[in-house]
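Two complexes, one shared chain (chain A), two partners (chain B, chain C).
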Partner chain A sequence: MADTTAGTSPVKKTVGARRVLALAKENAGLIVGVALLVVFGAVALFAGVFAPYPADTTVGDLFGAPSAEHWLGLDDGGQDVFSQLLYGTQQSMLIGLAAALVSGVVGMVVGVTAGYFGGWVEGVLMRITDYVIVIPFIPLAIVVATIHGASLSATILIIGMLLWANTARVVRAPVLSLRHRLFVARARGMGAGHGRVLVRHILPQVLPLIISSSVLAIATAIFADTAMSFLGLGIPGGSSWGQMIDIAFRRGATTQGAWWAIVPPGLCVGVVVLACSLVGRHVERVLNPRLAVSYMNPGDFTVGPTPEPKPVATTGKHEADDAVLRVRDLDVVFSLPAGEEFHALHSVDLDIRRGRKLGIVGESGSGKTTLLMSLLGLSAPNATVSGRIELGGEDMLAGGAEGFRKHLWRDIAWIPQGAMNAFNPVRTMEWQLVEAVRRAGPVSSAEAKQRAGDLFERVGIPRSRLKRYPHEFSGGMKQRAAIAMALAARPTILLADEATTALDAMVQAQILELLESLAEEMGLTIVFVTHDLGLVGDFCDEAAVVYQGRIVEMGSVVDLYHRPQNDYTRELFNAAAWSRGADGSTAQDTDQDTAQGTAPEAEKAVQ
Partner chain B sequence: MKRQHAVEANGLSVRFPVSRSLGDVLRRRERRYVRAVDGVDLHVDPGEILAIVGESGSGKSTIVKALLGLSEIGAATLGGDVLINGHEVDLTRARPVSMLQDMQLIHQDPYESLDPRFRVVQTVREALDIRRKGSRKARLAKAREAMTEAHVTPLERFEKRFPHQLSGGQRQRVAIASALVSDPKVLFADEPVSMLDMTVRKGVLDVLDEQRRRGVAIVVVTHDLATVADFADRIAVMYLGRIVEEGPAAEVIAHPHHPYTQALVSVTPVPDPLAPRERIVLRGEVPDAASVPSGCRFANRCPIAEDRCSEIDPALTPAGQHDHRAACVVVEALGGLAPHVPANSIRHRTEGAPA
Partner chain C sequence: MRWGSYLARRLLGALVTVWVAATVNFFLFRLLPGDYVSNFARVPGATKAFQEQLRAEFGLDKSLGGQYVTYLWQLLHGNLGYSYQYKTGVSGKILDLLANTVPMVGLSTIIAILIGTLLGFLAAWRKGTPTDGATVLVALVVFALPVQWMGMMLVLWFTGVLPTSGISDPYMEMMNPTLWETVADYLRHMILPSITLLLSTAGSYVLLVRTAVLDTFGEDYVLTARAKGLSKFTILRRHIAPNAMLPTITVIALTLGTVVGGAVLVETVFSWPGIGWGTYQAINNRDYPLLQGIFLVMTVSVIVLNLLADLLYFRLDPRIRK
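The block that comes next holds the complex of A and B.
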């Protein structure tokens, strides 16, 4: 069944209290931030209810110390500081929210318009934005306050008009790329007007960004109001936290040691700023999962317990004695948010035999890429890898990521998917190849260059092209160069991840021919990770079929094609050819996607 | 009686200007053009699938963009006559809305062509929503009908889903449903299954085939001969902006005449490891379309090129049987027989191959 929430799902869900706990732990910052904002919001709304004393009324001695009746003491006018603080919250929050709203709306309109329409519209709007960003805040405040007179609306407007520029810039960038996205082009192609495209397709994509930027603007606005008040540019007769600090300061609270008149409003400003940035940053993190550091350092995976070697008799599997790379009981489990786990590989056994060409075949989400990455010791940090991965009898996995590092490139090299597009664009090919050659060990510069040239010629690129830059190479040439780089440290095993998928048929044939001749000459063992059955039948000697995290069948390609033992293998090879039914009927099974029912989840887990 | 073609193009050409450097301007060097499509005749009938096959840079996708009048083609100079359902098309203007409805495009990448924040039913209904056609209820009914046709069923299960909750095959069927909701007469599909897993490709191709049987004309653009060998009715093979061979799909695959087609067929991977492989692996790369060689544009890579090939620019002439044509002087000289192109990479695997 295609339903991804089916019972067969390899994602282990956690339930009940454990799940709540795990979620709370991951989102602690957000929870604290939101809770603080809710508290301040409630205080602002119900200041009159909570305050023990009415506003602006003398209820005791000037600068009276904190006591049971006056928790935070009294201020310069003999007013209750705690009550004044609550009324101050009302005004400060109002300024913060209103200014953030102004800046959010203006910033959104400017950013989206500039990004979507581009051209001169963008030029004009963004130059204005640039100017606004460099306007110094304090002088502007002084000028406006002098001309217009300080008031609540003036304060909100000044702050709002200074903050929108930031939002506009933040919003413009994603809109710029969104307008070129296919689904936008498609809507335009169907005759949708700009208004519809903007409101239905573009805005929903950038709204979280605007919200996050506006929440941060609340903090900035409150901070700005405090600064303005302290400079005497605040609202006359106002009661915001900034005003409280300013008045207490001017009336000599510091000389009288009345810290209680200054510290509480100052703390409030600090706490609200903290709460806003906690919420703002978190919204941003949810928006852009790539900010999570965990994906920055592949190779920092966890090594699980090594299982007891299974006695050969019980596995019933043939132990190849010429295996250069031997995998036993390999399990890979990814830990996901909210304490969930994704079991990507289940006790995988694999013998990669010397000088052979092995295909690892599977569909997206099957686990073939997870398998490849664990062979290289490059599993993601949220992965727990257990089992044994032996290279010439040495269990590399026992040494963790470090155990793989000394073998990577020198014994096992790989051509990553899309390697041809991963060259450094500002360096010559020679520079990049020399760097790769030196991975094998220290060599002189001249020797390394000589070897880089040899490698180029070996993969069929004239030596003269070494001084060229990547953009001067065609796709096929870049793929040849990627192979040359992988071979630079004279490895014995070459892992190729979809190495020909993006290439045209003829270029693919050229590359396969090259790999075949390299395998023969250098005695290379080649592992081909691919979803292309044609490629496997054409190129590989043996293949392992990966399905839902298990190797369901392994053997010679002739056996797999002509005598498949497993239903999935049969389905896979049958699917390679479409033919029009004799009666023209193509009976439909709507749950066609059975085979990869779990794919969306799996993709999410490993990407 | 001659049927009216759903799409007919005669002498279609698309040229993109190459921007000149300051030096070129000062030296009054003439502006060069990339001849992406260079005089192509083609037609598709209702209820027929035409596959346009070629490598990247052959101009196959540009043809579709030119026919649909997509904006990416903006800077190009277009030439030729195009008829859609018998109506003449002004290539330089945006297509009228009624014509746009009749021609729908299915993109290669179903991960990109669906708005990630739209539910399936919203995506499918969008074309109707834009035109505000009928009541909301009628639109929903029409969308459900299209979803059923594209086998995005059961409706209740899929309607409310977001794209990220679907597999690749399901997404592509949703994209097809959103095209079918306009009752198109011509469907263009740009590599409709190349990004999908093997086991889900069939489901997508089946949906297209059902539309063919209901009389829709379908143009599939692909670089993958294997996919369209049994799927298409006719195949047109493109090389550097020209159609070099054209004919019934089975004929073209079984008896390729043009040396380029022969090479292309020979290198198409075959899953059966025991199938004899006699590959013609061409050397070098497709030349730049800004400097098309004189004479036959395939001559410099052709294994059987003769001296006159670099002088004569061949036109499509009858080859083999059944309305099959190739543009090659050698084929023409042989009176329509296929020339022998020697294989340069031969392998015959047997059962007893080293295990």
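The block that comes next holds the complex of A and C.
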């Protein structure tokens, strides 16, 4: 659409062996886990084929040490430990899989029913589930084993009936939220019965969860069998790993020093349980993307090579003499999984002038937030940042993340989006403001609190609200508090990130008014990152338009509105005029017909 | 919600759960073949008179409903019946056993929570580095190994170095030990069972804390704290730790309840005469009244720990108290 965008996709892909290797590394846990389970499954299936000696047969000395004929020695009955181990694999894997199946099916039925039907059905089922979870396992096993008689099926049933509660709990919550989703309502509206909706629409969505919790159930079941066996509640005459450990203990393998009768079954349990955990953890990581978001990483971003300062003539722009923050040749490249790279910012030059209000506009994904984060030195650890970011002539980027830190809040402060969870939820507002006040230097507690109160009053919040917690504030209030906190260490530059986006129009106007009066009173420089062009028109003196990682146009707001030089800028303004309608706040002179003609595409871009 | 009404509601909820547990306990053990008294008849020394006394005490001549009411009534008075094996009251026996279990389990649990918290924070802090990888792997491995097996391995390694059985040296008393010698002997006996229990629980605590911390890392207020220019350690201490501990407390309280159950295997391996070892003996001797009592105590301990976790959570998370 615009001239600057011609060219390749910003994502650089890798191909061939390197890609396979990178993928394998990222999924190592899953691969190792599945491979181990497959190996143990195969051993279980073909135990009779592999075992050098028949089951439960004396073939040598009691507790005979490992030798060429008996790789893992002999147990208390003179049986070959290696052969017993293979038969044990068969029984343990059978118990694990069968119990996991029982628990998976019961857990699925209970969890899905509770989540889907809700109401009293859910109440009753979840009460039962809660209770099953706290039942001590061992006494229940005793009672069932005593009444029922210990057997393979009893063992499987006991374990399965204890494990389903976890699956039911895990499954219920997503089903509950799915029930209210549009596609389910639509399917119901089109006359699909409950059964059909459950099987066609709900089950496929929660199946990965059920599978992952069932894989973990295999591990727990094998574990539970070792515990039951050890208490003499296992399968009579059984050969599971748990029974091997139990027999070794009862027959004094520890006192005989016959480590070969003890070590192998325990290790087998360990390996299978480990394999199950690896698979389960991998699935959990895939299903829980929250874990992927991290504002705290061990590493900071990498500083790329500093480019030679470009001669003024070649930049094609005049150097602003009054720039407080000067950005030159800023490049940000993210390294992605599987060896790919994403070039997020391309040689960005930006002069942020003293006492001005600069708007940075662009659609989502254009790179405006990446730009803001790099100005704060908070780029992600997978980012390589190169170029110069000068504050009063000092290149902060040269010092890496630490180069920025001493200036943060004292010189440059950030106003987060108030609607975000930007305040620590378990601390009072006062605590958080005092922390910010102290960034300016050590002050007494009373003084810091006094200043926090002054700040609150300045932004229009009663001092008495200081003792309150963030969740007790409305969105607009939180935004005011965020501004108060940003001012706490007397910065000269404020960076606001979509600071008014989630607020309603009235509150939005109040916040902007507040910022305007603060800027005037304290001589602040404000950088306002937003996708809302109307806001830029109303509030800012200058604006920079970011598109696909480049600043495609920058200038005074008046110039940009009336004489946009760049195709993309023009389209962006047209789209905004179209979407804001005739409220008169922006671009009044835009030709409405043209605007409507280009709107759908550009609107998509804004989203 | 106010503290008072919250406390009242939680207490009431816990009491209801205890009642449900007691009821299930009653009916579960009624499913076993034979009644208290006919089982008792097999025990040598159980006189006719004693059997009659039991019958009256537990209303065994009454209907099932009557028996249930009597059971609850006796329970309220702390009467859990009589142990076949020990021929004493179950309540007293359980208290004796608990007195041995609590110090050992308590010590190892406190250390396990400390280790789990420290290593969990460390691993999350160093996420993606070899430190993290190694910590997670070790945690997963100790978590994957059967606890009784780890105990047996320790017995294999430490026989002759540390006591591997019992709670005290039987020959100690003959040598007129000082108080300090007695305590030292007790502690020496405690080392191996504690370490075994520690190994079996610390791994899951490490993983738990690590996940909770990583979850917190993605919160917006952490970004705010970074933008404030706070050092990473300060952010960890002031912003991440108080939030990450919230989910951790609940889960740790839940697992604490099961630690008592887990002690069955450890105490058996090391013949530590606590409630777990008592369970093992009771199973082998089919001492149902004692088992029933232990079952109830274990369930109630889970419920009480849950209640404590809820109350602690209320204190720590302002979002609950409005």
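Going forward, the second predicted complex is superposed on the first by the 436 of 607 C-alpha atoms of A that agree within 3 Å, B and C clash if a C-alpha of one lies under 4 Å from a C-alpha of the other, contacts with A are read in each partner's own complex, and residues count from 1 in each chain.
We adopt the following convention: a contact is a pair of C-beta atoms (placed from the backbone, for glycine too) under 8 Å apart; a residue touches a chain by one contact, two chains touch by 3 or more.
Keep in mind the model is a prediction, meaning the values are calculated, not measured.
**Student:** For A:E513 in the superposed arrangement: first (chain B), second (chain C), both or neither?
**Tutor:** first
**Student:** Regarding the shared-chain residue A:G418, is it in contact with chain B (first), chain C (second), both, or neither?
**Tutor:** Neither partner.
**Student:** Go through the superposed model and pick first if A:L231 touches only chain B, second if only chain C, both, or neither.
**Tutor:** second
**Student:** I'd like to know which partner A:H201 touches here: chain B for first, chain C for second, both or neither.
**Tutor:** In the superposition, A:H201 touches chain B alone.
**Student:** For A:G48, is the partner it touches chain B (first), chain C (second), both, or none of the two (neither)?
**Tutor:** neither
**Student:** In the overlaid three-chain picture, which partner chain does A:V426 touch, first (chain B) or second (chain C), both, or neither?
**Tutor:** second
**Student:** So which bits of chain A does chain B touch that chain C touches too?
**Tutor:** none
**Student:** Note which residues of chain A are touching chain B in the complex, please.
**Tutor:** Residues in contact with chain B: 2-4, 181-183, 185-192, 196, 200-201, 204-205, 363-364, 474-477, 504-510, 513, 531-539, 541, 556-558, 561-562, 571-573, 575-580, 584, 586, 588-590, 592-597, 599-600, 604.
**Student:** How about chain A: which of its residues touch chain C in the complex?
**Tutor:** For this pair, the touching residues of chain A are 131, 133-140, 142-143, 146-147, 219, 223, 226-227, 230-233, 242, 245, 248-249, 253-255, 257, 259, 262-263, 265-266, 269-274, 277-278, 290-298, 376, 378, 404-410, 413-414, 416, 420-427, 435-436, 439, 469, 471-472.
**Student:** Applying the document's contact rule, which stretches of chain C touch chain A when the two form their complex?
**Tutor:** Residue list for chain C touching chain A: 17, 20-21, 24, 28-29, 31-33, 125-129, 140-141, 143-146, 148-150, 152-153, 155-156, 159, 164, 211, 214-215, 217-232, 235-236, 238-240, 242-243, 246, 254, 257-258, 260-261, 264-265, 268-269, 279-280, 283-284, 286, 291-292, 294-295, 298-299, 302-303, 306, 316-319, 322.
**Student:** Mind pulling up the chain B residues that touch chain A in the complex?
**Tutor:** Per the touch definition, chain B meets chain A at residues 55-56, 68, 70-71, 97, 100, 105, 107, 109, 112-117, 126-127, 130-131, 151-154, 157, 164-170, 182, 197-203, 205-206, 209-210, 213, 223-227, 230-231, 263-264, 267-275, 277, 279, 281-282, 285, 345, 349, 351, 353-355.
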